[in-house]
Amino acid sequence: MLKPIKRRSKKAGLPPGTLVHIGDKKVEQVKISVREFDNDEFHETILDSFEDCLTLRDRATVTWISIDGIHSIDTLAKLGECYGFHPLVLEDILNTDQRPKMEDYDTYIYVVLKVLSKEQSDIDDTLIEQVSMIIGSNYVISFQEKETDLFAALVDRIRSGKGRIRKMGADYLAYALLDVIVDRYFVILESLGERLEYLEEDLVTHPDAKTLQEIHRLKREMIFLRRSVWPLREVISALQRAEASLISTHTHVYLRDVYDHTIQVIETIETYRDILSGMLDIYLSSISNRLNAVMKVLTIIATIFMPLTFIAGVYGMNFKYMPELEWHYGYPAILLGMLSVALAMLVYFKRKKWM
Amino acid sequence: MLKPIKRRSKKAGLPPGTLVHIGDKKVEQVKISVREFDNDEFHETILDSFEDCLTLRDRATVTWISIDGIHSIDTLAKLGECYGFHPLVLEDILNTDQRPKMEDYDTYIYVVLKVLSKEQSDIDDTLIEQVSMIIGSNYVISFQEKETDLFAALVDRIRSGKGRIRKMGADYLAYALLDVIVDRYFVILESLGERLEYLEEDLVTHPDAKTLQEIHRLKREMIFLRRSVWPLREVISALQRAEASLISTHTHVYLRDVYDHTIQVIETIETYRDILSGMLDIYLSSISNRLNAVMKVLTIIATIFMPLTFIAGVYGMNFKYMPELEWHYGYPAILLGMLSVALAMLVYFKRKKWM
Amino acid sequence: MLKPIKRRSKKAGLPPGTLVHIGDKKVEQVKISVREFDNDEFHETILDSFEDCLTLRDRATVTWISIDGIHSIDTLAKLGECYGFHPLVLEDILNTDQRPKMEDYDTYIYVVLKVLSKEQSDIDDTLIEQVSMIIGSNYVISFQEKETDLFAALVDRIRSGKGRIRKMGADYLAYALLDVIVDRYFVILESLGERLEYLEEDLVTHPDAKTLQEIHRLKREMIFLRRSVWPLREVISALQRAEASLISTHTHVYLRDVYDHTIQVIETIETYRDILSGMLDIYLSSISNRLNAVMKVLTIIATIFMPLTFIAGVYGMNFKYMPELEWHYGYPAILLGMLSVALAMLVYFKRKKWM
Amino acid sequence: MLKPIKRRSKKAGLPPGTLVHIGDKKVEQVKISVREFDNDEFHETILDSFEDCLTLRDRATVTWISIDGIHSIDTLAKLGECYGFHPLVLEDILNTDQRPKMEDYDTYIYVVLKVLSKEQSDIDDTLIEQVSMIIGSNYVISFQEKETDLFAALVDRIRSGKGRIRKMGADYLAYALLDVIVDRYFVILESLGERLEYLEEDLVTHPDAKTLQEIHRLKREMIFLRRSVWPLREVISALQRAEASLISTHTHVYLRDVYDHTIQVIETIETYRDILSGMLDIYLSSISNRLNAVMKVLTIIATIFMPLTFIAGVYGMNFKYMPELEWHYGYPAILLGMLSVALAMLVYFKRKKWM
Amino acid sequence: MLKPIKRRSKKAGLPPGTLVHIGDKKVEQVKISVREFDNDEFHETILDSFEDCLTLRDRATVTWISIDGIHSIDTLAKLGECYGFHPLVLEDILNTDQRPKMEDYDTYIYVVLKVLSKEQSDIDDTLIEQVSMIIGSNYVISFQEKETDLFAALVDRIRSGKGRIRKMGADYLAYALLDVIVDRYFVILESLGERLEYLEEDLVTHPDAKTLQEIHRLKREMIFLRRSVWPLREVISALQRAEASLISTHTHVYLRDVYDHTIQVIETIETYRDILSGMLDIYLSSISNRLNAVMKVLTIIATIFMPLTFIAGVYGMNFKYMPELEWHYGYPAILLGMLSVALAMLVYFKRKKWM
């Protein structure tokens, strides 16, 4: 189940810019992958620490530093010192309880995003992971909570030199990362869409308490999904307005494309929400329809048998002088009378369309 | 039934600008119709491929290339190369899971729209088809998923030279295509309006579970309709703001007209939605009214017969000394007593307005 | 009942600017009243056609051409030719399925409005009529679907020279027409207000299915009313921003006044909507209150008589050895016992506040 | 009860600027109080008419003309002539069915406001009164529907020279009037807040139909309160933007203060509305809880006694050969059997948590 | 319980700028702590009154005057005189019924905020306290209703010289105060989040009237929380736009950080509200599910026993000639008949899925 809030309270009272890791430690060892490339070359190294960071910083090629595991305060502090990042940026990278945002620090841009993923196991739970990026003039540094295969296809593309990514700068690399993350939302939406369709079938064939529970679970996932995606819109349009020294005009058309995708994700979420509330309405009226049906059966039974039982009761009385009791055909006559009362009732119900 | 989402996941991980067809392949063979015209001339040709595209591109007349069937990646790639379209434009044309949008690429404008159509068959299902347009200074290229009669009347008008279309440029042709698409929405709205009216009659005469189902189906169609039409507003006002080299000021008054139509479609959809929620309210209160009616019948029956049955039960007891049983007129007296109890009850219910 | 949409589909496929009448033909013969006036003079003529239109056009006085009945395509075409109106304006005048709008064509302004009226007959139905206006520098041409007394008082004022209307230009005349139309909304609102008050009384004294129906009918009328009035706001503020050559600054203060009235109409509609949903809530809870009341009666009756009937049943059993049956005071004792059970129940219900 | 609309229809058809009084005539005699003051002097006179208005107009001191009773068309016409007010202003002063607004006529500002007051009597009814103000460079003219003690404290302050009011201009006087009116809203809100608290207690201890009625009455008062207060925001911010010749920059900080109060009133109204809908939800679920409780009692009683009555019925049958009837301990055995059936039922209900 | 409004009515009629304390007097003695510091020095003094205020005002160091207890009108008046604060500022400090706001008085900025705190006792009640701040070029004056440990950690940081606070100006100090207050909201949100989780468990395992009550209590707290936090957004963005003389551009990046936190608090509140309404829906449908279950039991019992009791009644009649009664196996035969009726009913209910 998606938790609404994380424990931030351990930060209360600390001076701003203090580095504290907020969130679950999802991986033991921090992994630093450095990929340097231009149109002709591609180098990939796995680092343990940022000892010789300065030589890294000043290369001419595009450098992509990908850090998996963000709980290592020491690593981050060194990186921050080397590149001259603002302490608040480092603080935010460590804090996984962020909303997606974009902050322009003139010589670099800081971007926080949320990535959603589906566990492969049976339980259909959605996981939220935070991805941070720092975009400089010739480098992108990305931070993930643990090692995932999120950017695997992208790494392959760079390695093999497919597409235009090797020919472009750091801003295009940042766009490519963004594009991968937004594409991931479509995968999540597809799986939600499938669950919606199953739910719809359930609703028609056998709506029960579980259907309701599933509706509410989907509704709730939608709340969290929406909360992750809405701010993305702002993030990307802020990138489009960013200064030309970091984001070249050539990249704008690509950002517009990823912006369109974000809008489409948002609209699909809204559509799903509308469909879900429609489903809730259908469920509730099916419930009250069934109550109606039950009540009708009860009423029909009671309305038929109460008068009959009363008649039987009358002729069960022990009065001395009850002439009907003495009649020879009294018994069959009264049975016939009862039958006609019952039939009259049934005709009445037929007319009222209760049966 | 309208599906909420299409399979985009096969694109995840591919570099942006890769040409992948997303959507159902609705036609086997791509058909390319080229229509060239000015005030004096009109030529129409059906092409198989874009081999001699360059000669086509540089004609002085207005050229309308209409492509039915968009799954042919090869055709598109050739076209894109010849006209110099951005790879993202070609990618978007192939992807039928787009929201309506307008993108200005300085020398041409790319527009995506959704066209709704009604099947002729009994089942009242609405189909959504995507139409793309590229508007250049002297050409319009339109893309449809399959061959339809959507633009048939427009083609006739060009052929016969009726109206002012032969005298105007490519921007007016683009407007004419837009106008046809928006007019189609009115046709859809009319058929929805008719279904609303039938529904209203149903609601008054015999509301049942089917009525509810129809309300929810219409509500859902409204969700999709709305999603297709809302962005149209932006698209058209973006066209109005586009640069004069592509959209002449003379065409603005026509765009304003089609913009007004769009607003009217949107308002009608909102009105329908309001009416539908009103209907849902009426249905639900008719349901609870009926529950009330059923309960009243049950209560009246029970309240009348329970005391009577009790009285009969009392005189059915086998006590040795029950003086009433010995009285000669005990039986008719008790029957009279029962009758007066029943009448008293009925008077009570009359006063409470339960009957 | 107000129809949600009109048959526009007969226009689909026709070139824009084609003159087709959409709507009901409400009058047989078109009536053209021409009124020319300035501070000193007033002439009124009834024309059959626009043969000598050009002489009319170029007079120095303010000319008000009022056309009742808009289905005559021929009349309109002549008028359009004479004054040089854009074909789209003529098309819109003929189409009664318009939303209120204002279009500025530099040398004239085209305005479409909706006028609501109450039929004098018993059935409280609201009719919507479309009024178009073309405002030129020295003329106003107004179009109505049929002859009504809407502008009768205004005509009298011009004829008699009362007020400042004879001293002012065509823009003030246009304002005066607008003012009459907006005042008409207040009349409609008053009659709706009265129906609301009756409804409120009904709701307190005897809410039934008819009350609900009336609530929904008013809600629906509110939807249409709102749809007619909301765009008026834009129309009037667009007129205020229009160029000085057509709308003099002197008229602005009057337009501001009519704008205020429009806002007030809109707010009153919103207030009515709020009151109506409050009423719906009251109705629905009165329904469920009544269900509760019915259920309580049923429960009280059942809870009292079921145990009593059971006791009577016990002593109606035919066991050979039932000592109580032999007791001399068994019968009165058991009657007393029953009475005390019944009383105990009643005390219980009193305490539970069910009675 | 607050009426949604006033009779404006008597104005329909009259030329704009015609002086017609709309609303109830709340006082017989119009009272005109003229107060002239500066830092050193203070004069107060009660006038009957505006005969020597011109001498009044041109004084150097700040002049506050307070008119109680607005139905006198004659008085108003004279005033308008003397000061040169626009006819529409006079028309609006007479019409008590206005929404709060501010109109800038260059040499003076016209402001309409709504004042709410509580009657001292038992019935908790809120009255709405309209207050108009005309703010000139050295005068303020205020119009009330009848004589009230609304501005009594302010008059005392001016008379005694307390505070800074005698040292400031007409704009500060206008602010002081505004401040009094907005403060009055807090008084109304306090009394509504108290009613809300009583209501809350009722809702917890004994919710009944009266509670519901009170909820709906408060909701309705909120609708009217909101309608009076919302436009105030615009009015005050328009005053802040007004030209320096009428509203000095020195007064801006005071207007900002009264603006803040208005925002706070609006937010409190919104909070109350939220609380009221919460209450409605609580009431409705308490109703359905009670229905549940009633149904459970019914079901328990029926489920216990129906089988017992059936058993008694079986042994009341008159078959010749019913061996149990002959047994010596048949009767106590069957009583025991019944008891165990009843106990089993009770245990079942306990487990289902119905008791 | 959070009270919706405070007694402001005692201020009605007083001139603006009159110093009146509105709110509860939460502390007997006012405590004035003065802290002066720069990079090298730190002095802390507790004052009783502002006798030698002028020497304080003109120091070169950053001065933080923290006043706990705001009911002392005398203290405030002296302070206001010494620093030259506007009377409205002093009035607002005394009035604890303020909404958060920021007012720029050129040489100083006045900020009002709401601080929420949890009582340590068992009852989970949220308290609202008002904190005012006046930010000058080299001083910050903060006002609290009583002495709390809100700023204790911050004071320690200044005292020990940790972080960058001693190196920065008064604007950074103001930011640090703001940051502490916003961090406090996260603590409140966490405790609300925990209550939400408990509630969710309750809702699944044993939803009862208390669950509903808790839902409504949380909903209500959310209303007040929202009301305190929403205006904060404006306050902080107004500080960002404030003049450079008071808020240096260097502080902007910190204000942006605290702004982001505010947005996150607001979004979390919205998420909680969404979750709470989802819970209410679940609760209500669980209630109606239970009603359904109860009704089914009743119907099953009644439908089985009513026919049986009727049959028993028939054979309890005292007709002379009832042949079945004479049959030797009549009794067992009828018992078997009853059993088969009961079984048939049970099969019917199984099929209808009522059991």
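Letters A, B, C, D and E name the chains as they come in the text, with residue numbers starting at 1 for each one.
We take it that contacts are C-beta pairs under 8 Å (C-beta built on N, C-alpha and C of every residue); 3 or more make two chains touch, one makes a residue touch a chain.
Fair warning: this is a prediction, and the values are worked out from it, not measured in the lab.
Separation of chain A from chain C in touch steps, taking the shortest path, is 2. Steps from chain B to chain C, minimised over paths through touching chains, total 1.
One finds 26 Å separating the Cα centroids of chain C and chain D.
Chain A and chain D have CA centres that are 42 Å apart. Taken residue by residue, chain A touches two or more other chains at 288, 291, 295, 298, 302, 306, 309, 313, 316-318, 322, whereas all remaining positions touch fewer. Taken as a graph of touching chains, this assembly forms a single closed ring in which every chain touches exactly two others. A single ring links the chains, and its order as traced from chain C towards chain D is C, D, E, A, B. Taken together, the chain E residues at the contact with chain A in this complex read 152-154, 157, 162-165, 175-176, 179-180, 183-184, 186-187, 189-190, 193, 196, 253-254, 256-257, 260, 263-264, 267-268, 271-272, 274-275, 278, 281-282, 285, 288-289, 291-292, 295-296, 298-299, 302-303, 306-307, 309-310, 313-314, 316-322, 354.
Contact residues of chain B toward chain A in the complex are 3-5, 7-9, 11-18, 86, 88, 92, 97-99, 101, 103, 105, 206, 209, 212, 216, 219-220, 223-224, 227, 280, 283-284, 287-288, 290-291, 294-295, 297-298, 301-302, 305-306, 308-309, 312-313, 315-318, 322, 324-331, 334-335.
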